[in-house]
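Multiple structures are listed underneath, in structure tokens.
Both complexes shown next keep chain A, but they swap its partner, so chain B is in the first and chain C is in the second.
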Partner chain A sequence: MKSLLTRLGLAAALLLGSVSGVRAADPKLVVAFLPKSKGNAYFISCKAGADKAAKELGIELLFDGPTDSNAAKQNEIVENWITLGVDAIAVAAENKEGISTALRKAQKQGIKVVTYDADSMPDARSFFVNQATPEGIGQTLMDEAARLLKAEGEFAMITASLTAANQREWQKHIEARLKEKYPKMKLVAVRPCDDLKDKAQSEATALMSANPNLKLIMAICSPGVPGAAEAVKQAGKTGKVKVVGLGLPNENKRYVHEGVTDSVILWNTGDLGYLTIHAAVSLAKGTLKPGAKSYTAGKLGSFTIAGDNILLGKPFIFNKGNIDQFNF
Partner chain B sequence: MSSSQPRNWKALLLSHEMLLLYVLIAEWLFFYFAGTTVNRRGVTVGFGTVDRQFDILRHSCEIGLLALALTPVIITAGIDLSVGSLLGLCAILFGKFWKDAGLPIPVAAFLALGCGALGGGLNAALITSLRLPPLIITLGTYSLFRGLAEAITRGAVTYTDFPAGFLFVGQERWLGLPTQAWLFFGVAAAVWLLVHRTTFGRSFRTIGFAPEGARYAGLPVERRVAMVYILAGLIAALAAIIYTARLGQAKADAGTGYELFAITAVVLGGTSIFGGTGSVHGTLLGVAAIAVLKNGLACLPAVMRLNAAEDMSGLLTGALLLLALTGSVLPKLLSSWRAHRPAPAPSAPSPNPQPSP
Partner chain C sequence: MNRYFRELSVVGALGAVLIAMAVFAPAFYQPQPLLSLLTREAPTLVVACGMALVIICRQIDISVGSMFSVVSVCAGLLAARGWPLLLVLPVAMLLGALLGAFNGFLVAGLRLPSIVVTLATMVALRQGLNMVRQGEFVNMPDAVQWFGLSQSAGQWLMVAIALALLVALGLAMRHVAAGRFVYAVGTDAEAARLAGIQPQLVTFLVFVFIGAFTGLAAMMNIVQSPQVQPLSGMGLELKVIAAVVVGGVAISGGRGNLWGAFAGLLLLACVAPALTHLHIEAYWEKAIQGGIILLAVVADGVRSRKQN
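Coming up: the complex of A and B.
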């Protein structure tokens, strides 16, 4: 028993020694980066950008998150970081109100908080790094569709549901852009797919048979893009009916390489992580303050700040040329 | 008498609960020395801060309550897999009573507690009337309660914006301790008294050890077993209210997986999964050992850099449980091995017989 205790004590002392050694030589700024779930490829690609920023800025980056999207675990992780006394926390909120109680507590202790990807309550953070405005998404989708059709012809739209707030918002901006810039294009139908790939496929098939002059299908929910592409491919209309949409590179790679889908639109997740960490560090150092109108983040240059949203800017277009560089 | 005294002391010092206490103290000291640091601004941070200790308490209240609820259940040789799901359902109902029905918080809380007891009552009715294994019944209600919670909210509604007075229960301190800790300690004391100091509670062990024997001895086995599950439901509902107050939100996924942590804590605390033996203080030590391990790991810089706090705490909790189970079985194995071993004969062949040329 005694020898066991001595050994335990020795082990503890050794570990303690090594730990404090690391700490003393290492008075770096510590920024903690919280994804919705840490195994999600989307957030892993955000982290790649965050790591790049951390290296450039010479800070220590902590990355932790629930293994599944779990709001309670997010709170526990943030509370853990609070007692560790990190300098700044960057959060993609799983639950807007739930996380805010923990973030307010962090702010009370002098820790700077930014959110990215999914916002908390506005009073619980200094800035939200907004990856895409509805306006930016709507305009980019419409411009890309017009480019492919040379601004002429019929197209149809597949949404997740006719009631979902974000879908309606995007649809509104798409229609506004259409009315304003492309008079020779015509939106013939908008169909919901309930966020299901199978339903999107059958809706796309129905759209093609009901509208023989259809030139393009635009899907604005992520399962809709591969669903529409599969329908076009099976109908043997590859190239005749084009597909564009808002989605993730991985689930569309196959169709992009086969020439069914032309462009997939999203934002550059690496840039999102990079910008978020830069903003968090500048906040902690006091070089970025609430009320600022623009912000310069390292190699990426200047970003507009609208109110308390730092805008990542124009969405990113994935196509045959670049889609293989992304893995999420 | 005087000759048996040292032996009792030795037995006490080597009892399961005491061993668990040593492990807990060792864990705590280790994390105190290895997980406490001074940060860039010269502030002491990490495990060795009062805030951290209170966080551990706050984070373990709900799982601790479920473990308390499960201790009598497991002592009667039962199991309740549905407590985590019932926590989720009660959290949703509590939110619904308050927000959608417009009831005052205390009334909503009271109704939620009633729903918890009803949920436990459903388990009890099925288990005692169908005479099916509790594992199967509560596996069914495990899905049923969670499914109901998701159906009520259609998986999308989250109840928030609770008044500050209610959030006080989960986020603030009262008389020096996190508010919910008082509730937790109150329930712990009540369950301890029930299990260890009342004839009613002591009968749980008899029932768990030999249900038929208990029946022949005239114990109302069904009624007692039913009480145990209803109590579990009630405590799960209390955990739901505390959970909602701590996070400031009620969502259908509340408490997912908590039942497994709670069962782990109970078994780690020395309660036999076959029923018949167990103690409430053992369960409390089990909860503390798991909570300190989980929170302490998150304070170690080495673990932090690997982003592995979550995974490592799972791994080490599992290892600790297996170690405790092995430890509890080992003495029995050893004694049975000794009993079956033939008496050592001095004239037996030498221990290392070398083949002679």
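Coming up: the complex of A and C.
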């Protein structure tokens, strides 16, 4: 009931907004920004960057999304935006194929489409703002681990599952980097945690007792990082066994401050939102065209475009010095 | 053949694993990691006790994982608001008991099949929680951890609570009339009714019990770290059902005991750390656990055919 009311209210607000826009013949561009789910802190932090870009560019930003990660709801929202006649839509796709039909329809109506965070089918959008390539993630994690261990010693890895495609992809790049650059480091074990913090904690406990020379645990799924950190802390090995991983700042702040976890790696979500809105606006204005090789987004400067992927660049490293600036 | 052959065979298997570890990976027996392992399994044991009751009563409850998550998050939020843990604990158990009572009402009151009822509540609770929390962790004050005790005191407390519950319930099932009613209803509800037992009431109550135990277990889990992951408890139902079945509790009801379930739980819980210590690839973990479950089910099948 509540969600119905808010949705009605939102629709009314949107309608009013667009009507007044038309009446005033305001050249203000309208860009719609669709997260996978709108209550999620991750996407709210993306939106903070998007808001900043909207302000700078003097455009109107619409923000709406499902309350739960719901692919069908995403389609509905896009359909509404098509009806409203927005200028550009930026989408984080919950379902790659599912959203694409609606996005193609939007493109047919002359609406420019970019995706961010999670891509649609390539023909349903002009560009995908790619927050991190598997290669970038793998290399940054491995380099950070090597930096902490001074490129020497044993480490173990905790993954979500041994079969998940993204985990395997990251693992492949981590192992490639290890082989190429760090001959004195050794990956002694890879353990799955089923995306559960509690299981990661048990796994990390066993890893430490089974491998007395273990110097570092690298968790490449987000619940694994605090799970491993808690295990290290409880084993009284803070500082002796270091923890790095791919995760969210809020889930790791306390361990970073306690010195259990050294670095948490992800991308700067604010920058992701900022770059996405800049790209969407430039597309709508015609200043960014398919085939471009690079793109300059306001204060963030220049970004490489690989094919139809605008690359956000190297992942971001959260550590003691900067983690408090992020809230997601 | 000894009537406790099934239980003894599980204990034997567990003993074999423990001896093998002593020979091939003595590092397994370091006090801190071992205590941590037991502490991590203590909440699971509490839920497994409840599951044993439910299965002996010829029912099943696959919603325990979702109940566990819901109670964990609610209790975590209360603790984060500064509620004293001694108040949060009864609230958590009450919430669990209420969720269990809802299952119990549908199963015993409306006579619906428990697998369908608890499948529905499992999905509904999980999705509802996802919708509200969006996967966000609950951060609690540091004082919550270990109920404010030192780490080792807290760990021993968790293990002690779980073992105390196991022993009390294990004895009650054998020596208290209410415990024997559960066996009677699980063996033959109609005969139990003729003997003056109210099968529907017993069925309702076992669901209330497993709910309250799940609430307690959730509490015992959230004090082990300062954060609650809303996914915690995912897959818990499979873990405890497997432990109970491996421990010799017949899925057709009326047979088995909590000691067996305890041994089954320990056996399955040993698999992952044992593989880590033996440096065997993790791919084998689920396969070995599956193999153990299959072996137990086959043993049950062979035995009941012999009896017929």
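Quick note on the criterion: the second predicted complex is superposed on the first by the 303 of 328 C-alpha atoms of A that agree within 3 Å, B and C clash if a C-alpha of one lies under 4 Å from a C-alpha of the other, contacts with A are read in each partner's own complex, and residues count from 1 in each chain.
Here is the rule we use: a contact is a pair of C-beta atoms (placed from the backbone, for glycine too) under 8 Å apart; a residue touches a chain by one contact, two chains touch by 3 or more.
The shown structure was predicted, so the numbers you read here are calculated from the model rather than taken from an experiment.
Contacts of A:Val30 after superposition: chain B is touched, whereas chain C is not reached.
In the superposition on chain A, A:Asp119 makes contact with neither chain B nor chain C. In the superposed pair of complexes, A:Thr67 makes contact with chain B and with chain C alike. With both structures placed on the common chain, the touch criterion links A:Asn95 to chain B but leaves chain C unconnected. Legend: residue contacts after superposition of the two complexes on their common chain; A:Glu203 is shown touching chain C, with no touch to chain B. Contact with neither chain B nor chain C is seen for A:Asp271 once the two complexes are overlaid on the shared chain. Of the two partner chains placed by superposition, only chain B is touched by A:Asn80; chain C is not. Within the superposed three-chain model, A:Glu230 lies in touch with chain C and out of touch with chain B [touch as defined at top]. Residue overlap on chain A between the chain B contacts of one complex and the chain C contacts of the other covers 67. Residue ranges on chain C touching chain A, taken from their complex, read 25, 27-28, 30, 32-33, 36-37, 40, 127, 130-131, 134-137, 139, 142, 151, 221, 224-227, 229, 231-232, 234-235, 272-273, 276-277, 279, 281-283, 285.
Residue ranges of chain A in contact with chain C, taken from their complex: 37, 39-41, 67-69, 162, 188-192, 194-198, 201-203, 205-210, 212, 223, 226, 230-231, 234-236, 250-251, 254. Contact residues on chain B toward chain A in their complex (touch as defined above): 26, 29-30, 33-34, 37-41, 43, 45-46, 49, 51-52, 55, 59, 158, 160-161, 167, 171, 243, 246-249, 251, 253-254, 256, 295, 298-302, 304-305, 307, 309-311. Remark: chain A residues 8, 12-13, 15-16, 19-20, 22-23, 27-30, 38, 62-64, 66-67, 70-73, 75-77, 79-80, 82-85, 87, 95-98, 100-101, 105 touch chain B in the complex.
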